[in-house]
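Shared between the two complexes below is chain A, which pairs with chain B and chain C, respectively.
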Partner chain A sequence: MRTTVASRSSSSAFMRFCRDYGWAYLFILAPVLLFLVFTLYPVISALIMSFQHYNPMNTTWIGLNNYKTLFQDDVFWKSMRNTVIFTIGTVPVNIVITFVLSYFIFQMKNSWQTLFKATLYLPTVASGVTLSIVWIAIYDPTSTGLINRFLGLFGIDPVIWLGQSSTALFSLMLMNWLGSHGAGIILYLAAMGGIPKSLYEAADIDHASGWTKFARITWPLLKPTTLYLLVTGVITSFQVFISVYLMTHGGPNFATTTIAYLIYDTAFKFYDFGLASAQSFVLAIMIIIVSVIQFKFLSSDVEY
Partner chain B sequence: MRKKGIMLAAAAMLLLLTTACGKDSGGTAADGKKKDTVVVWTYPVHGTYEDDLKQLVANFNKEHPEITVQTEMLSWAEGPQKFDVALNAGNPPDLYFHGVDGSYVNTGLALPLDSYMTQEIKDDYLPGTLELAQIGGKQYGLPLYQFEWAWGANKRILEEAGIDWKSIQQNGWTWSEFTADAAKLTKKLPDGSTQYALVTDGTSMDFIEMLTRNNNMPDVLDENGQFQWNDDRIKQTLTFIQNLISKGYMPKETAAIDPKKRTDMFYAGQTAIISKSIPYYDVMIQNRNKDIDAGKLQGEKIDFVLLPVPHNDNAPAKTTMGAEGYLAFKQKKDKGEEHAKNVFLVMEALSGAEAGNSANELALPFVRKSQAEMFKDKGLASQETLDAAKKMAENMSMPVTLKLDIAKAAQMKQFKNQVALPNMQALYAGEKTPDAITEEFSSKGKQMLGQ
Partner chain C sequence: MARVEFRNVRKEFHDQQKGTFTAVEGSDFVINDKEFVVFVGPSGCGKTTSLRMIAGLEHQSSGDIIIGDRVVNNLHPKDRDIAMVFQDYALYPHMTIRENLSFGLRNLKKPKAYIEQKVQEAASILDLESMLERKPRELSGGQRQRVAVGRAIVRDPQVFLFDEPLSNLDAKLRIQMRVELAELHKRLGATIVYVTHDQVEAMTLGERIVVMNKGAIQQIASPTELYAKPRNMFVAGFIGSPAMNFMDAELDGNRVLVNGTVLELPESMLSSSLADYDKKKVILGIRPEDIYGEDFVQNVKVEGKMTTSVQVVEHLGSENLVYFQVGERSVTAKVHPETKAYVGLEKTFILDLGKVHFFDPETEMRISD
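This part shows the complex of A and B:
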């Protein structure tokens, strides 16, 4: 009798839970299912595949061989080196450019702010493919190329921007410097707008110089935004692919081969999906390590 | 009431999903034959191929109404990737337009066709053409045409420089003869730009492959798997290219020139010769000339000349040739023998006599007697180009991958991509010498190819 009462009460509790929270869980279910099917399942499959020699009809387990192969591969280390150079060469420079632009735009009237925000956001809206095609024309190696024509005015010989090892990676970095500030500017402007004016007024009363106000108020209060841009910037540049794929194909002589491009090459040129998965996991681990380090050393006095 | 409505909508959606994802139920046609669907992925092989394909399928369906042929026209740019993904996921289309490739066979999904080939079909193929779609002696495809790679030239520039192109078409030319002619073809134009003798692209292996074939090397490996690119022959070839660049006969920007830029330079009269051409260029350029006449395009009209690739003075001339056509595949979830037979029926219908229009449109050698007969004297290219193509076909060099062990072919592909191409780019950019590259080929060859 007591058992029946207990089971009836637990079933009514379950019904009450469903009535109160059922819809909420149903709505949460959709994104959770999407995450499980399109993110978690592929990640787990790729992890398993990284220990296999993949073949659609006859996949074999090879343990750590893919990892051994990639660590002994010169091209992998070259691509790692290129990726790190690209990241170091683009992320800090981009943050400085974005910050300086935002700082000047913030001083302007609202209407001018809108104009500059829209103009600088445009390259973010344009697809990477379109931008790459435009930059291929800009870097045209003959004297008819846009940059080479400009250099020609000063009597400088045409430069083979994308065709020689000494300039190819720099050319991709230059393209990156000049085209990816829109989102960062919006974030910085919003953060600058959120700094209380009273802080600057107090600084004025103390006769603080412009530099002191910047160093003691603006910069520290923008640190969370800077950290966010740094972390997302590093993640994005570790995965740089489109410009390499469209503009240099990783060449010349592997000068622009990045890890993301190498993964693509391994998977779709050589059909070595196992090795490509191993490369992907090494890339993912690198990104995690770098992100953790960034949070560890830069987020100590950041408030969210 | 409202809840009931929501439940009904959810049930309807579930039903729709299960129906959409469900297995094809097959069924039976009116004449009692089992219904089947054959999936074909192909490309715009020539300007009117889509229309040709519809007609071929319609003709096939008159005889086989029980077989639905589902065609998809891929773009040349994205199609190969789409196919590679499908193949490696174990779900390729039943038929795919391409040349036979060892890496396809290596997946275990390429369908050997030997058991479906009747004697009548075999006899219809011209000698040596069926072999162009075999790997290890097994038939994996039915060729639609033979492709032929050559060089293409601007007749005006050749004649202004006094080059006897008709003699070159008939007798070929050596590297020494080409170098002498290149000096005549290179000059400064009135606008200050340079007219080069030859332009190639720095992004692919085609140029070096064509030249090495003309210096007694069929490929990186020969058909017995012996490494070729590790001795004086490769050094001579690299030195030949280096000389062309250092003397200014080829642009020093070659490393950064892509195929589109190469074509642009040809159309702009900035080069006399381009390093990759097919006889179909003649038709394309004739169409471009018509567009210029009609005011749709601006630019100089060009008279096209098909030229053989020059050969080393001590080596015989070779023309890079192969075949493209339909390849058959099974899926990871094999649809059975009956389906495979139907796939072959469709394949044969898309490769038969009427399909010969592709070779005709592309001004390429026919592969079947019935095609050659049906399109006799209907060629669209100029007689000069057709004659030149025919003459060059006499020196055919078959792709070694057709004879090579599949694993060796994969190693060779890796060597080309990871060693040869980067080194070629370094040569074009003046960053490495022929000696250094030969040495690297030799050491990497030992490492990657074991010899």
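This part shows the complex of A and C:
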């Protein structure tokens, strides 16, 4: 008898819960399912795959062998070096360029601000493929290429920008410097607009020079935005792929092979999905470590 | 410390779409050395613009501004030897309180020992000593306000400018800070120009008050004089809480006719100026505290009686506000809490006719005694 009463009471509580929160959980279910199927499941599968010699017909467990192979592979270390150089060479430069552009745009009237924001945001919404094709034309190794034509005005011979080891990676970095500031500018402009005008007025009364106002007020108060751009910039740079794939195919002589491109090569050229998964996990761990370090060392004096 | 003078100062703002807007119109005044002067008026009256022009944060369209014995028209804010406390305090959020206080002195490249001494002095005056290593976000509104004042004090400026510094505080803290600011003025003996829209703040703090409306100065006087002899209906209505009551009236010799009620004026009221309005329409002004319920009259020498129906009663504890209608105008009486009053009661009110004011209905200027 008691059991029946207890089971009736728990069933009515469940019904009440469904009535009160059922719709809410139903709506949450859709994104949760998408996350489970398309994010969590592939990540866990890739983690398992990184310990396997993957073959659709005959997959074998090989423990840490993929990781051992990876760390003994010269191309992996070269791609790591290229990725780090690309990141160090693009992220800080991009932040400086973005900041300087934002600073000047912020001084302009509203209509000019809108024009520059829209113009500089265009490369962000344009397809990476389109941009790469445009830059292939700019880097054309013959004398008809835009840069070579410009250099020709000064009597300089055409340079094979993307076809020689000494200039290929730099060429990809230059393309990155000149085309990816739109989102950063929007964020910096919003942050600059959020600094109360009264702080600058108080500084004016407090004998602050233009430089003091910049160094002691503007820059420190933009640190959260800078930190955000730094972290997301590093993550994006570590994953650079489209421009490498379309413009250099990682060459010449692996001079532009980045980790993301190496993962693609390993998985879809050599069909070694186990090794590619191991490379992916090393990349993910690197990104986590670098992000944690950035937060630890840069966010200590950030005023949110 | 120094005096501040405005000579026919005018400020216009230009907007391509809205056209030209005059924020301050031909402003002329002198603030004496060590004086505490309060600018008061409704939003958009030009009081903050006037203060910002003294600071050099806005440049006047015409006229001269003098601080001490220097015309400062073309001087940068830093060269005017002023300090300002902003409405939002304008504390640097990423700096500690010590850094906030010392910012100005460090920019002036003062010796470290001197800076430390000044910071300690200011912190001691304002009771901030235990908070010097904290950041502004860790402080309460009142403490932040004190830091903003401290930042002004350390510089020993000729003139202190306060832009509605208490407007972000709750009512209790505002009263406390008001007292502290008054004490600070006594202690520093500084020239202070203070802007507020709160007439109670103006009356309690100011040695003299500049009442502004629509960019023009309406009256400059001591709090007592403003209350007793307002220059026009705007000042009369702005100073005092609840505001002065206005009633349409007509003069006839020593009698005044208000909505069918005849009031006999005392001899002392019949000035030559008022005589010019004989048989003419005037506006009669009387403060709510000068109207009594018939059952609770105190020290009224010349009484005028008016019987009307009570519309609303507000019980404030120490007093009651009783609202009734005279013609088309609503009238408020601030009466003793034991005065019998309830909605619908037909009640006789006593007007202290020795304290009424008369205004010209067209110019709205006070008809002087």
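By definition in this document, the second predicted complex is superposed on the first by the 282 of 304 C-alpha atoms of A that agree within 3 Å, B and C clash if a C-alpha of one lies under 4 Å from a C-alpha of the other, contacts with A are read in each partner's own complex, and residues count from 1 in each chain.
Throughout what follows, a contact is a pair of C-beta atoms (placed from the backbone, for glycine too) under 8 Å apart; a residue touches a chain by one contact, two chains touch by 3 or more.
It should be emphasised that the depicted structure is a prediction, and the values quoted were computed from it without experimental measurement.
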| item | value |
| --- | --- |
| First, second, both or neither for A:Pro220, with chain B first and chain C second | second |
| Partner chain(s) touched by A:His207 [first = chain B, second = chain C, both, neither] | second |
| Touching partner for A:Thr142 - first (chain B), second (chain C), both, neither | first |
| Touched partner set for A:Lys109, first chain B, second chain C, both or neither | neither |
| Touching partner for A:Leu199 - first (chain B), second (chain C), both, neither | second |
| Which of chain B and chain C A:Arg19 touches, first, second, both or neither | neither |
| Touching partner for A:Lys296 - first (chain B), second (chain C), both, neither | neither |
| Superposition-derived comparison: chain B or chain C, residues of chain A touched | B |
| Common ground on chain A, meaning residues reached by chain C in one complex and by chain B in the other | none |
| Complex contact set, residues of chain A against chain B | 54-58, 75, 136, 139-144, 158, 160-165, 249, 251-254, 265, 268-271, 273 |
| In the complex, chain A residues that touch chain C | 196, 198-199, 201-209, 212, 216-217, 220-221, 223, 301, 303 |
| Contacting residues of chain B [partner chain A, same complex] | 81, 84-85, 87-90, 103, 106-109, 192-193, 202-203, 251-258, 261, 332, 410, 413-414, 417-418, 421-423, 425-426, 428-432 |
| Residue numbers on chain C that touch chain A, as the complex places them | 55-57, 76-78, 82-84, 86-88, 90, 92-95, 103-104, 107-108, 135, 151, 155 |
